[in-house]
Amino acid sequence: MTINELQNEIIEEFSFFENWMERYEHLIELGKSLPLIDLKNKTDDNIIKGCQSKVWMFAELKKNKLKFTADSDAIITKGIIALLIRVFSNQHPKDILDSEIDFIDRIGLKEHLSPSRANGMVSMIKQIKMYAIAFQTQLN
Amino acid sequence: MTINELQNEIIEEFSFFENWMERYEHLIELGKSLPLIDLKNKTDDNIIKGCQSKVWMFAELKKNKLKFTADSDAIITKGIIALLIRVFSNQHPKDILDSEIDFIDRIGLKEHLSPSRANGMVSMIKQIKMYAIAFQTQLN
Amino acid sequence: MIDVNKIRKDFPILRKKVNGQNLIYFDNAATSQKPSKVINSISEYYFNYNANIHRGVHFLSQEATDQYELSRKKIQKHFNISKLNEIIFTSGTTHGINIVASGYSSILRKGDEIIVSALEHHSNIVPWQMLCERTGSVLRVIPIKMEGSLDINAFHKILNGKTKLVVVNHVSNALGLINPIKDIIDMAHKFGSKVLIDGAQSAAHFKTDIQLLDIDFYVTSAHKLCGPTGVGFLYGKELLLNEIPPFQGGGEMISDVTFQKTTYADLPHKFEAGTPNISGGIAFGFALDYLNEIGLENIANYENELLKYCTNKLNEIDDIEIYGNSKNKIAVISFNVKGIHAYDIGSILDKLGIAVRTGQHCAQPIMDFYQIPGTVRVSFSFYNTKKEIDIFILGLEKAIKMLR
Amino acid sequence: MIDVNKIRKDFPILRKKVNGQNLIYFDNAATSQKPSKVINSISEYYFNYNANIHRGVHFLSQEATDQYELSRKKIQKHFNISKLNEIIFTSGTTHGINIVASGYSSILRKGDEIIVSALEHHSNIVPWQMLCERTGSVLRVIPIKMEGSLDINAFHKILNGKTKLVVVNHVSNALGLINPIKDIIDMAHKFGSKVLIDGAQSAAHFKTDIQLLDIDFYVTSAHKLCGPTGVGFLYGKELLLNEIPPFQGGGEMISDVTFQKTTYADLPHKFEAGTPNISGGIAFGFALDYLNEIGLENIANYENELLKYCTNKLNEIDDIEIYGNSKNKIAVISFNVKGIHAYDIGSILDKLGIAVRTGQHCAQPIMDFYQIPGTVRVSFSFYNTKKEIDIFILGLEKAIKMLR
């Protein structure tokens, strides 16, 4: 699926929830079921700076597509990571760079975009795009 | 006359004026008729710091009493000086130190007491008291 | 005593709804809310007598100057300061600390020592690290004991003739503990060291008598004590302030400027370069008025009740760990729930309209000490209520259930 | 065009009586008055979403952070700045200059040169003198010509390969002259020197395109442009800001703190230690909105009319000397009446409700140049009127009569 289709899928999925509690419960569920990151990639080098909770993110290129694995010590953050990975993992670097991300606002999680969250989600998206730039250069 | 009597005299004198213009005109007249300071005392050492207009002030002890002479490059300031000299000159240092000055407020010139005037009048009164302290010590 | 319902009327923000819930503001250690009186004093200034101060001969400038200088007098009275010119208006605690740290560059020699406590806010650590780097002085640290309080025996051991400055907060922002500053000051003075007290967290909660405590330097921020942002003050003993060079060059702080030579103005202007936060300075005075109307003793008593009440309730919840246990504490509780990240708890509480702080609270060394990534911190003010605490406890239980 | 009657309604202070007279405020170069919209944005912040910013996960903190950061974006747009992180919130122009002057301590070597103009405000002289003292660099001065404008030929002569920094104001506060900064910048860049532009007096009167002019460092204060006191900004090219060390240590400006080692945060936070003037920063954005609603071109045109009108009227009075004659001038007139001290004139005008500034205007070198103790300075804003100028002229004539 394309990034946009995945975004739409998530928006639809969240549209069934009636209030913030259901949304957050789902987010927490997603966080709990986030596949483990390979321990050897959970290094200080892979920590994303500027988040209140610790976030490790690793990327590798497989068949011209980017594969992300990540982890956090906070469960809500893990839920957010799960969503981001769902959208961005297994995509071509170029598509990642071209993408416009708007699902977060539309599923009622826009508070996570505020700079007062010490940029948690904003930093993650930035990091994902940095990886895309790096691997894109490698592909060319 | 004592300092207090002199203050009262000035208050009475100013009570005849009906508005600020008459008061200021009088002040300007006083400034114009301020006796000249001896040129040899109009030195940089005798400048009072912190006034917007330049103020020179000199004091000497004559028969146990302090005699002040002063000058300024601004005429309203000279008027103020004339009032201060009238009150403080020819007084015993101890009396100067013990005095409480309230006539300025009571003759409607209290704006000259504000720190925003860069302390013109406040600095002058401070300087007068400093002289009094110095000569008082000398007398003891 | 305190009539909290009456007091709450002074703070219109407390009637606000957040995420559909009544706002419960338990983030007072980060910044306090402001009473209408203080807020209105700012509008009043701008609507009625806004002007630049100190040099104008006109009426507005006079009025603004008089009001601004009146605030300096209120600070003098409130903190029992001997001379007006020992009070420097700053843009806040951080600025005040930096004035002293920068000034001490010209006083410290290689090998001199500065003692700082392990309980400090970053603002009271980093400037001293920078100073040590510039001067080759050595930074020594008063360690903390497991329950969070300073290890005073260890302090005695590191204090010595080379110690030039001891810097310590009156109250720790991360844990809320009140430090024994009287003992620290007396001991430091015996060794000829000066002491800087960071009053950012204490000034809103109890009165500090600067002369009685014989404090050498004192700093605080208005925004923590019902005043506006962007203003605070530095107190320094006249002799000491005269000893250190100005921090910034600019208007107001000079008496004579030529391209050959510039001479600095007297205190306090030497340290007050540029147009200050005039509205902020004036409103700071109104904030002190307000606190004094209520009475800091009343505030302390009431807040202490809230502290006890909430601590007891928290202790009833499983797996809660509170950091910093001491009788000498202001109404701040820093805690974690085992196995749950502080950020997660803060996020859920926010959805319930409850504002708490989560994270390191700009005090990373304390977090490193406990080997935790951060804590949830609730900090109370005299306008909070037991009922709000009840709702917070219910919210916390809900959050725990969701997050487990 | 400008509808001044409508605009005056935005400034309630203009309806004030002073000493029984209608206030005429001609001291705009010292600080401007503020429109209700700006004043209300401050109350609005405190009444509705006051919280400490950048680290809070709760709603109020988010709202405050968003609004504060929105102001940064407004500044970026207004001054055409390439990157958001090149904008540092300061407490004002003086603070901004000091950040750069302090930072350059680590860049300048003995014998390097800084060029400053003879037209500068003390805030743009003293920090460079202090810097030269610290580093052994040399301060060189662009002289002024008799009519008050900079001697650009002389500038060319002192500029050389050792010049590391040229600092000059866009508009002189004492005389109101607009300096040819484009030429100065281009010339300085040819020699590899950086340029700092002091925009304290210009930003309220015309638009400055920072990228177009290729400015290296730019500073200004909100209070001069309808914004609140205690806030301003420093712009610096990213590369240059990354080169200089932080000015103050504290919260926000670090990314990692241990007692062994502290690492600094990225721009802009590296230079934004401590809790900022949050309400001030937010209101700054509202002030820019307001100016843009009216339009800076409209403002410039209208103020220019006032300037011409008043200059002509003044020239009709005997014994008036105006300092700084140039076509490139904002609406500021600095003058003296022969044989009468500026202070005396200011005092009488004040009694008539007319606020002007008298004295050296924090620019002693200019006064020394003209060998005068000071001037009377009237400075206009777009809310002033020709009628006010008429009253001022009558007042001035009255003052002269009284003082002669």
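Letters A, B, C and D name the chains as they come in the text, with residue numbers starting at 1 for each one.
What we mean here is this: a contact is a pair of C-beta atoms (placed from the backbone, for glycine too) under 8 Å apart; a residue touches a chain by one contact, two chains touch by 3 or more.
The shown structure was predicted, so the numbers you read here are calculated from the model rather than taken from an experiment.
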item	value
Far-end chain from chain C, centres as C-alpha averages	B
Between A-C and A-D, the pair joined by more C-beta contacts	A-C
Whole-Å separation of chain centres (CA-atom averages), chain C against chain D	31
Cα-centroid distance, chain A relative to chain D, in whole angstrom	44
Centre-of-Cα separation between chain D and chain B, whole angstrom	38
Multi-chain contact sites of chain B, meaning residues that touch two or more partners	52, 111, 118
Overlap residues in chain C, where contacts from two or more other chains coincide	19, 55-57, 59, 61, 343, 347, 350, 358-359
Residues on chain A engaged by chain D in the complex (per definition of touch)	49-50, 52, 111, 114-118
Contact footprint of chain C on chain A as seen in their complex	20-21, 24-25, 28, 52-54, 73-77, 111, 118
Residues of chain C defined as touching chain A within the complex	19, 340-341, 343-344, 347-348, 350-351, 358-359, 373-374, 402-403
Residues on chain C engaged by chain D in the complex (per definition of touch)	12-13, 16, 18-19, 23, 25, 27, 30-31, 33-34, 36, 38-40, 42-43, 46-52, 55-61, 91-95, 97-98, 101, 118, 121-123, 125-130, 139, 141, 221, 223, 228-231, 246-254, 256-259, 262, 273-280, 343, 346-347, 349-350, 353-359, 362, 364-365, 368
Residue numbers on chain D that touch chain A, as the complex places them	53-57, 59, 61-62, 64-66, 69, 255
